[in-house]
Amino acid sequence: MSFLRSRYINVAIIFIAAFLMIFTYFFKVQALSDAATLVQTTVSLFAAFTLALGAMNLTLIAYRQVQKKAPTALFSVLAIAVMLMMIITGLIPPLMNSPQFNWLYNNVEAPTDSTMYAMMVFFVASACFRAFRARSKEALVMLVVGSFIIFTYAPIGATIWPGLPAIGSWIEKYPMTGASRGFSIGVALGGLGIGLRILLGREKAVTGE
Amino acid sequence: MWDILGNWINAILTIAIISFAVPGENIFYRIAEYIMIGITAGYAVVQGMRVVLNLGISPMMSGQAYMLFPILLGLLVYTRFSKQYGYLSRWPIALMVGSGIGVSIRAVPEVDIMNQIKASFLPLVGVNWDVAVSNIILLIALLSTLFYFFMTVEQKGPLRQISVVGRYSLMILFGAYWGSQLMTRSTMFIGRMSFLIKDFLFPMLGLG
Amino acid sequence: MVDTILVPGKTVPLIVFLVIVISMYLMMRYASKGKVPTIRTLPAYNAITEAVGRAVEVGKPVHYTTGTYTFVGQTAGGSAALTAGLSLLAYISDICLSKGATLISSCAYPEVMTIESEILRGSYLKAGMEDEYSEVEHLRYVPIVSSCAPFAAGVAGWIEREKPATNFLLGPFFFESLVIAEAGYHAGCFQVAGTTSAGYSAFFLACCDYVLIGEELYAAAALATNDPIQAGSLRGNDVNRVWIIALIVIGVVVTLLGMKTALMNLLSI
Amino acid sequence: MSESKGILDKIENMDVRIIYILVIICIAIPIIRPMGLPIPISESTISAYDFINKLPEGSVVLVGFETGAAGWPELGPQLNIFMQHIFDRNLKPIIVSGNVDGAQLAEMYTIPKMIKPGKVYGKDWVNLGYIAGGESGIAAFASRITSVTPRDYFGTPVEDLEMMKNVTSAADFKLAIVCSWGTPGHADYLRQYTTKFGVPLIVGAQTTTVPAIVPFYQSKQVVGYTNGLRGAGEYEILTHHPGYAVASLDAASSYHLVVFVLIVIGNLAIVAKRFVKKKEGT
């Protein structure tokens, strides 16, 4: 059965799936389009299966930590307890729509998640304080552009002087658009390159040894 | 009762996470950190179950028996925990990787390359002088940035100069990104502060 | 025949697609036959050794992360940056082992963790220290499911507590980039970062000592792996860039001559 | 001399917690007591508004709630006002999300607030729930809706929904609106809906992604976009429904101002230090 372990099977699966997607984008052949849609449905299904992997790994780690009596074990057990609570309330019918589940989502999941994102407000401020210093000519350019954009986006800019957002919009519309295009064309080419290398089985990290 | 309790938990968790900034990493933050990890993992499990049910099991029950095949293949994802059969989990992943690469690269030449090139055919004459100058600046920024990323050519002499211009164009781009960060991040924090002040503190104090 | 099955309006995209893919393939083949292109020097890449040296001096660990992407259901750009980050992980792990530093990597997805584990084990095997590798000690799994917030929280918190000497952030990133980079800055880490997203490159420029901007990350990966195929695909990018620049210039000239509509019609087939 | 240098050093290496506390204060005050600064309306918002305003009644519009709870403070106000405008104009929205919790957010935070009396689920709007599989999932949804969402958010088969009788693929959409905080985002929508099926796209953007969207707006691949909370505020004014966004923008303004002052202080400290050094040198 050793041929089942070979990475050529993986490469073959990747190649066929990708070829199907690319071919049906440029050409219309009904049978292949149907096949492509079926593959995509299957992929959605697989993606749903992988959603549980995080929980499984988490449980495994917690188990190991408890076994070793690691100092973080208690925290991991807390995480598992919360996780189980979420799963159990989610399974109460109507699936994922029970009042208990919505309560947990509303009062635990939503606030922790969004507060973590909101924390960036501090880091951006302190990083601005540090980044926007005219230590070099490059930093000076960043500083000046950044300042104009700040007052373009915040309504207060127009209150201070209507010219501020006007200049900011001009920067956004011309030099920034140019640079952004150049940057993203390059990244797109790089992405195509890596895609091709994966399809050819040259990226061992993805296809396995 | 549950509403009030919920509001309190909501507020306490919010403050616990903010305490990571002021005064600094502490036990409350750590508890909130692990609660966050647990709850998102749990949410994903339930969501996954629902998709499997809607997309796989119920069509299978209602006549599309062939859906059994993808479901069984999907279960292979979990073989990764076994040393002996771990390699099987690579198959569904390979299908996902292949299809993902296929759908994303097939449109790249059109969306990210051709349409962007076409949008750069800008008029330099027959328009107001300010638009013409602006267009020239856009083209300089675009071409010099493209130039900056020539990787397999050692950049010397005049090439070096162009690439220096490219680097400054990139700094303009990054400056703009910085400016935009403030708005997004403040918005998110405003959301949390609005909750703390308007939905939690005010009702508690019997205000507004 | 071709007319009847070709999707309308997709002729030029198809040609462009084929031109890019074929030219890249040819460049990779040239490179694999020994004509390996040289890659221009990157200060950030050269700083990697210095960064590891710093960690050895103070006797603290090196932290590594590729950010919150996986190969599944993501965009090509993200997969590309992640692959580059993983190549660099192998390289940096080798340096760490030869200099005697401990590398600890944080990952967000189980599948990425499996891959990183293989990479690190391979690196220890190469150094003849396979007994010393342990997945529990050298890999930290901080799950992300619907958002990168738990990952950001978990990694930033860990950096605050453990204060590693060096912090590498190489790969595709979302907002966690700034959270982690700021935590690293305050913990006094020597930081080398690189990503292909313009927005998050800007973050890194503020917080990190050395930054690989955009495609420089791919170039660094090619340098690190010493893989002629990767160098060849970089040359392929450059070849395509030449015609893109040429086409833009031609387009502008044609527009100057007042024949833009004809060209646009030609390119919209 | 050395004393002034000491102060400058202190400013340069200010304890970040001072900055953090300043941030909290400057955001809290305008929330408690708004100032009502005027909000100028951007061209990109107007072009989004005009496009929706000109769609014939009954057109099917895809609305992508591509956000989780964390992105809600910024994207929620935009989604809410888009939905309100859509209901006002009697268009027929289809809600989907490639984020695990997007569809739930729509049910919890948007629909109860924005729905108009007389609108019936299944006839005037539908929520098709979560699309797994990232861009692959979106591509499949675009080519045949039931291939990835055979049932809607509430578990009803899509064929049983009256509104979906004549809607089978992206070709039946008259417009797609996406409010996204990452992947799937405007790029995925552009590739799978706009370039493949020619569906016009409006982006409700996070301000951070605006620099990435402007090139697509300039190249006319995106018909209009709203810029974060600011854009939501502008849209609220355009549709005469001023609400959360308009009220919150003052706090954003004061935060920007404080950060700008911090930047100025940081730079003045550097300049002053150089000046002191020069003086000491001569």
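Each chain carries a letter (A, B, C and D) given by its place in the written order, and its residues are counted from 1.
Rule of thumb we're sticking to: a residue touches a chain if its C-beta (ideal position, glycine included) is under 8 Å from a C-beta of that chain, and two chains touch if they have at least 3 such contacts.
Source: prediction; values computed, not measured.
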| item | value |
| --- | --- |
| Farthest chain relative to subunit C (centres taken as mean CA coordinates) | D |
| Pair exhibiting more inter-chain C-beta contacts, A-D or C-D | A-D |
| Interchain centroid distance [CA atoms averaged], subunit A/subunit C, Å | 15 |
| Distance from subunit D to subunit C - Cα centre to Cα centre, in angstrom | 28 |
| Contacts with 2+ other chains: residues of subunit A | 21-22, 25-26, 40-41, 43-48, 50-51, 53-56, 58, 95-96, 105-106, 109-114, 116-122, 124-126, 128, 130-132, 142-143, 147, 150, 153-154, 172-173, 176-177, 180-181, 183-186, 188-189, 191-192, 195, 198, 206 |
| Shared interface positions of subunit C, touching two or more other chains | 10, 13, 17, 20, 71-76, 79, 110-111, 143-147, 149-150, 153, 198-199, 202-203, 205-206, 214-215, 218, 234, 237, 241, 244 |
| Of all residues in subunit D, the ones touching two or more other chains | 16, 20, 23, 27, 68-73, 100-101, 132-137, 139, 148, 155, 187, 196, 207-212, 215, 218, 227-228, 230, 252, 255-256, 259 |
| Graph class of chain-chain contacts, one of line, ring, star, complete, other | complete |
| In the complex, subunit A residues that touch subunit D | 21, 25, 33, 36-38, 40-41, 43-48, 51, 94-97, 102, 105-106, 109-111, 113-114, 116-118, 121-122, 124-126, 128-130, 132-135, 143, 147, 150-151, 153-159, 162, 165, 169, 172-173, 176-177, 180-181, 184 |
| Interface residues, subunit C side, partner subunit B - complex | 10, 12-13, 16-17, 20, 37-41, 71-76, 79, 110-111, 114, 142-147, 149-150, 153-154, 156-157, 160-161, 198-199, 201-203, 205-206, 213-216, 218-219, 231, 234-235, 237-238, 241, 244-245, 247-249, 251-252, 254-256, 258, 260, 263-264, 267 |
| Residues on subunit C engaged by subunit D in the complex (per definition of touch) | 72-75, 78, 145-147, 149, 174, 186, 198-199 |
| Subunit B partner contacts - residues on subunit D that touch it in the complex | 17, 20-21, 23-24, 27-28, 31-32, 70-74, 76, 100-101, 129-130, 132-136, 139, 148-151, 155, 187, 190-192, 195-196, 206-211, 215-216, 218-221, 227-230, 244, 248, 251-252, 255-256, 259 |
| Complex interface listing, subunit B residues touching subunit D | 18, 21-24, 43-44, 47-48, 50-51, 54-55, 58-59, 96, 99-100, 102-104, 106-108, 110-111, 115-116, 118-119, 173, 176-177, 180-184, 186-194, 197-198 |
